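Structure, as structure tokens:
Chain IDs A, B, C, D and E follow the sequence of writing; residue 1 opens each chain.
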Amino acid sequence: MLVNCVVYQDGMKVAEIATDQIHEYLRRPNAFVWVALHDPGAPEFEQMQREFGLHPLAIEDAQQGHQRPKIEEYGEAVFAVLHMIEPTDGQFDVGEVDIFAGPNYVLSMRSHAQRGFQEVRARCEREPELLRQGSGYVLYALMDAVVDRYFPILDRLEDELDAIEQRIFAPESSPRSNIEALYELKQRLMIMKHAVAPLLEGVSALTGGRVPSLCAGLREYFRDISDHLQRLNQTADSIRDTIATAISVNLSMITLQESETMKRLAAYAALVAVPTLIAGIYGMNFQHMPELSWRYGYESILLVMAALDGYLFYRLRKAKWL
Amino acid sequence: MLVNCVVYQDGMKVAEIATDQIHEYLRRPNAFVWVALHDPGAPEFEQMQREFGLHPLAIEDAQQGHQRPKIEEYGEAVFAVLHMIEPTDGQFDVGEVDIFAGPNYVLSMRSHAQRGFQEVRARCEREPELLRQGSGYVLYALMDAVVDRYFPILDRLEDELDAIEQRIFAPESSPRSNIEALYELKQRLMIMKHAVAPLLEGVSALTGGRVPSLCAGLREYFRDISDHLQRLNQTADSIRDTIATAISVNLSMITLQESETMKRLAAYAALVAVPTLIAGIYGMNFQHMPELSWRYGYESILLVMAALDGYLFYRLRKAKWL
Amino acid sequence: MLVNCVVYQDGMKVAEIATDQIHEYLRRPNAFVWVALHDPGAPEFEQMQREFGLHPLAIEDAQQGHQRPKIEEYGEAVFAVLHMIEPTDGQFDVGEVDIFAGPNYVLSMRSHAQRGFQEVRARCEREPELLRQGSGYVLYALMDAVVDRYFPILDRLEDELDAIEQRIFAPESSPRSNIEALYELKQRLMIMKHAVAPLLEGVSALTGGRVPSLCAGLREYFRDISDHLQRLNQTADSIRDTIATAISVNLSMITLQESETMKRLAAYAALVAVPTLIAGIYGMNFQHMPELSWRYGYESILLVMAALDGYLFYRLRKAKWL
Amino acid sequence: MLVNCVVYQDGMKVAEIATDQIHEYLRRPNAFVWVALHDPGAPEFEQMQREFGLHPLAIEDAQQGHQRPKIEEYGEAVFAVLHMIEPTDGQFDVGEVDIFAGPNYVLSMRSHAQRGFQEVRARCEREPELLRQGSGYVLYALMDAVVDRYFPILDRLEDELDAIEQRIFAPESSPRSNIEALYELKQRLMIMKHAVAPLLEGVSALTGGRVPSLCAGLREYFRDISDHLQRLNQTADSIRDTIATAISVNLSMITLQESETMKRLAAYAALVAVPTLIAGIYGMNFQHMPELSWRYGYESILLVMAALDGYLFYRLRKAKWL
Amino acid sequence: MLVNCVVYQDGMKVAEIATDQIHEYLRRPNAFVWVALHDPGAPEFEQMQREFGLHPLAIEDAQQGHQRPKIEEYGEAVFAVLHMIEPTDGQFDVGEVDIFAGPNYVLSMRSHAQRGFQEVRARCEREPELLRQGSGYVLYALMDAVVDRYFPILDRLEDELDAIEQRIFAPESSPRSNIEALYELKQRLMIMKHAVAPLLEGVSALTGGRVPSLCAGLREYFRDISDHLQRLNQTADSIRDTIATAISVNLSMITLQESETMKRLAAYAALVAVPTLIAGIYGMNFQHMPELSWRYGYESILLVMAALDGYLFYRLRKAKWL
């Protein structure tokens, strides 16, 4: 579906045009067309390929979807694929935005993602001196927006990890739910990681050595994105490492709880076993067992049992078994 | 066994020829011969080496089989080895396709693999403008077909992993079968990984710096293969990482189940031990045990036993031990 | 807040000036202005950007905070971000210092950090022959001060690890607190690691190949910082590795303690079970049980019980079960 | 000890000569001397150094033995160290072959290895057109022979691993012997790895960039060795990875077996504890226990015990505890 | 403290001189001064800096100590830091040797290390043709000596690991002491690793690309050191890997021992529980229990108990539980 199709010249918006007029504006000097689509269908793909002369392999990738993030050059044009991550109900929905940028056009196609880029367009239009730099700046602005949206998501993952960590060491935690939460957190982290790591690779090609002419004057801007991606990537690696440690720590806590449970059980068993032995002794049928005929033999022996158990209880509690 | 032996000129099929005529057609301008063999025998290897002048080391590799995937240059010719993975009964059959490509010929030899490349040939013949690019394009088309066949296989591995994951956290799972499934999944994953990772290395040589003249105008096409391989490789790495985590999580679950079983056992033991103690006490032979002569002493004590067990049961259930 | 704003010429302090006079001094030959701020507010950011013509992306990074450590060039200027780690109550407070250095100015902005750089300024002023090298030397001096402050912090982490290690192998250690301490130690280590590792990367750009003109004659000085960072980084990696080993060793110790506890329990159970069996035997109601009518049958059987338990105790102690 | 000392000219064997005649033949054009020694003593080292003018550091390495595999250039000469692995009684004997190759000589010294290189010499002599390429080809042929001998050894390690894997999941396996076998397998694998990995590094220097003049026309041959080494290396890494997984899986199986044993034990305990409780109840000494005076009270209660145990047995078997 | 201060010319010792005469000899052609200090104090540092014009950063590093091993160039001079490891009472004492080498001097300063370099000096003086190469050769000889001393230390670590490995699998091993030994071994290994790995990095700079003029003709010699370091490094990595495996194997052995202990315990429990049940049955007070009045009822039942236990014992032994 078409979101927008606008012509800019010298950093200023000229007109909203129909998509079939695009080729008329492509020849204007210092102008570029910025088209935004979402969830485009086959006819839109064909029209765009025709209007902008996109490379068939790039259009095939965009049409097929599920690409890994990447930045590729086709002649003078740049083709960028970025993942858009949108948390819904504790799950991550992974959308995709494909950006085709040539000297005189930018085409962004967003799929399976709720949130658009109206704010990016608005900000660009408010800063004509930057927009004057052309389609390369729009490419930067779109990529910057996508990457900036990763930060709060990763922050929330970090917060969740913090919460799980505190539960792990809490005395009455449920190791089963902890481990499930850690596992599930790692799954989501990997989605983030797969969005960030390959993109980092791709962006570095826009900041180092030979740069596409499109991005020529914007090296510092793309380096800024690369820097953000590195920060995200490092944080993700660090969370991953912490999850691995937390899983092994959780295993230790499980084994430890098991060991403590065993001690408690054994302590209770002792409290039962000792009086059972005594009762057994006085259940023997020897003819000559003087205690049996004592007037308060029974009561005394009950007291002895209670006393022994009391002493045992005291010792076991002191040894932290109970 | 010969599958096909066809001459193409200017992107169009000219004729199917016999293999002993090949050398006659090799001198034609803008033409190339495309030969497909499967499970070739020694005489076919010799004939092909003679007809195309293949390098003895390359032919030795092809004849011997069980090569790691690779792409090697011999003078103007390119020698590519790819693995073909075919799932049968939950196992992976690993076949091999060896492709020799020179300026005027392509020779593909498939071994231990059911599925051929008829569809690739058909697609090539439908697109004469691409086929006109010569043997390099055929090399691309064959490699692309092999690599594209990896995707559904890897997808299925991912699905299987998802299924195992859900079983791990299911309350009544069998950890033994989970771990066996994870281990077996990893074995198959490694087969996939060994098909993809070395090939990725090899293909990058066809996209970067100095490229064999054969592939000169096709850089974007081989980069597309490289991109697919990177995606496969990343997914495989991610699955491998998840399997490792799942194995350690499964160990935690086993330990946890053990711990829970132990608590259940202990709870039942308590339910038996306490009345046993009481029975022991009233089995003692003291002369003065007033309860013994009570009219309803026996019945009362049975009630006491039942009441104690009832109370214990309630407490243990509340503590989730039962 | 402004800390200092001083003009230096030929290595000597010329005057403390007001920040709005800065631009007047920037044109002097062989002179540079060194401004130090802490926790600057928006107006100070704006003023500084105006006075020194700082790049908007750099100023944005500084204003936003929470950057990863880095060293970036903007034209002739260098922008450095360093983390300042200050331990308080066993926790690490992470502050940040942002340094902008141009040919004729140095601007340091410290945030969320108690300790300033007065000592650095004092040392610089005592060594005019070094300060004569200009703003690059001040950049070095500030970075060197920040990096040198990492050493005692890392040393203390190492000491703490040593203490935990000794507790792990101590016979009466608490594995629960050990593991908690290890986990917490690792968290703090990662903060240190995140301060050091990215900076190391950045500093190497000031020592290798093409160096910003600002730092031209100071290669050996920056190599010295790089060397310190490498030392810190290596130590951090080594601590991390040791923590991982310690966690797995601790798990082994937990399992071992569990196993030893089980043996102790079983030993005590045996000491109770054997006399219980004997008591049971003499509690049987057979008519012909000669021992029952023995005059000292009861006493003898008590002695037998005691003797058996004594023997068992001796054996179990010898086998180290008790 | 001398094995052979032969002069070759234009690819043909000219004569077997005595080692003190070597220097007479070294000046002949298109000729080279190929000397093979095994377990050489100090005088032979000295003589060879004198005859061929070997570099003192290389001769020192060869004399000392226990070098890591490597390929080094000394001026025009190449010095190669390779490990020879010979399995005896399930152990690996590690021998060494040191090859000195100069423009007009090849000297191979084999130590602590049974199997020689007669077959290599024989094959070389059967292929004069290849041998005509001179000493570089002999260097290739020797290295190729050593590397090819690694394959069956690694294959056997893989087979052993397969056998252990099947034992791990077998219901009645002995985890103790499995883990011992895995550990021992890893030890042997590391010996193989240490033979392969450093050599791979060294050989790549003979295929890439600047190549010693000796090996100039043989790039494809050395690339073939490099390819074999990569295959070996990859297989070794994969086995190592699988061993690590197998060890952790085996630990899971141990824990699982423990858990299953515990359930069996608990089941048997229940089968004894319940009738014990019942017997205890009817061992009580209450005056009014109607069942005691029933005619078939005893028999009935035995039946009740048997019935209860039968029911328990049925339930426990259904729950797979027995 | 001064160890030696000697002037060499054309490879021959000229004279022992006082340290304050050094500057007089520095101008002689083809001569160099070789000074050896141990545990130098501040005045010696100052004197040396003055005499040889050492770089302040290098002297600061040397004075401060606890540097990581490194090799740095300061103009024409080379500054090398090496660790000296001396085992005492199973611990490693880490000393340091700092070597300053310029075109006409070598200064070695040894700290916290017992063993000096007299043997190196003696060997150098015995080989004037090598010593003629100047101070670069002395630098090589000192570094070679330090590195060669690492080998026996690492060999002993390997031997210790072998000993621990055999204890792990021994039936009556103490897992607690094994794990402690492994942990302690790893600590010492890391000390070795920290001596070797950074030095390897540094030495490679003396063998590759641009080499300090001092070491110009000695490339093969420094490559030899680099080769030794690589061997040490590889061995250390391999030991580390084996330790990690051994720790996890040891955990398996602990779990296994626990499991076997549990079975033994359960077997003994069964041997007691079964006769206890029988005794309980004949302790019941039913009026009609025919066995009770049998003449040899008591003896028969004791025999039954013994027979049952005998049978159980036989079964349990066969199942390897006892």
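For the reader, a short list of remarks on this structure follows.
Here is the rule we use: a residue touches a chain if its C-beta (ideal position, glycine included) is under 8 Å from a C-beta of that chain, and two chains touch if they have at least 3 such contacts.
Because the structure is a prediction, the values reported are computed rather than measured.
Centre to centre, using the average C-alpha position, subunit A and subunit E are separated by 41 Å.
Centroids built from CA atoms put subunit C at 25 Å from subunit A. Each of residues 248, 251, 255, 258, 262, 269, 273, 276, 280, 283-285, 289 in subunit A touches at least two other chains.
The touch graph of the protein chains shown is a ring with every node of degree two. Touching chains close into a ring; read starting at subunit C and passing to subunit E, it gives C, E, D, B, A. Those residues of subunit C that touch subunit E in the shared complex are 165, 169, 220-221, 223-224, 227, 230-231, 234, 238, 241-242, 245-246, 248-249, 251-253, 255-256, 258-259, 262-263, 266, 269-270, 273-274, 276-277, 280-281, 283-289.
Here subunit D touches subunit E in the complex through residues 55, 57, 61, 67-68, 70, 72, 74, 175-176, 179-180, 182-183, 186-187, 190, 194, 198, 244, 247-248, 250-251, 254-255, 257-258, 261-262, 265, 268-269, 272-273, 275-276, 279-280, 282-285, 289, 291-298, 301-302, going by the rule given at the top.
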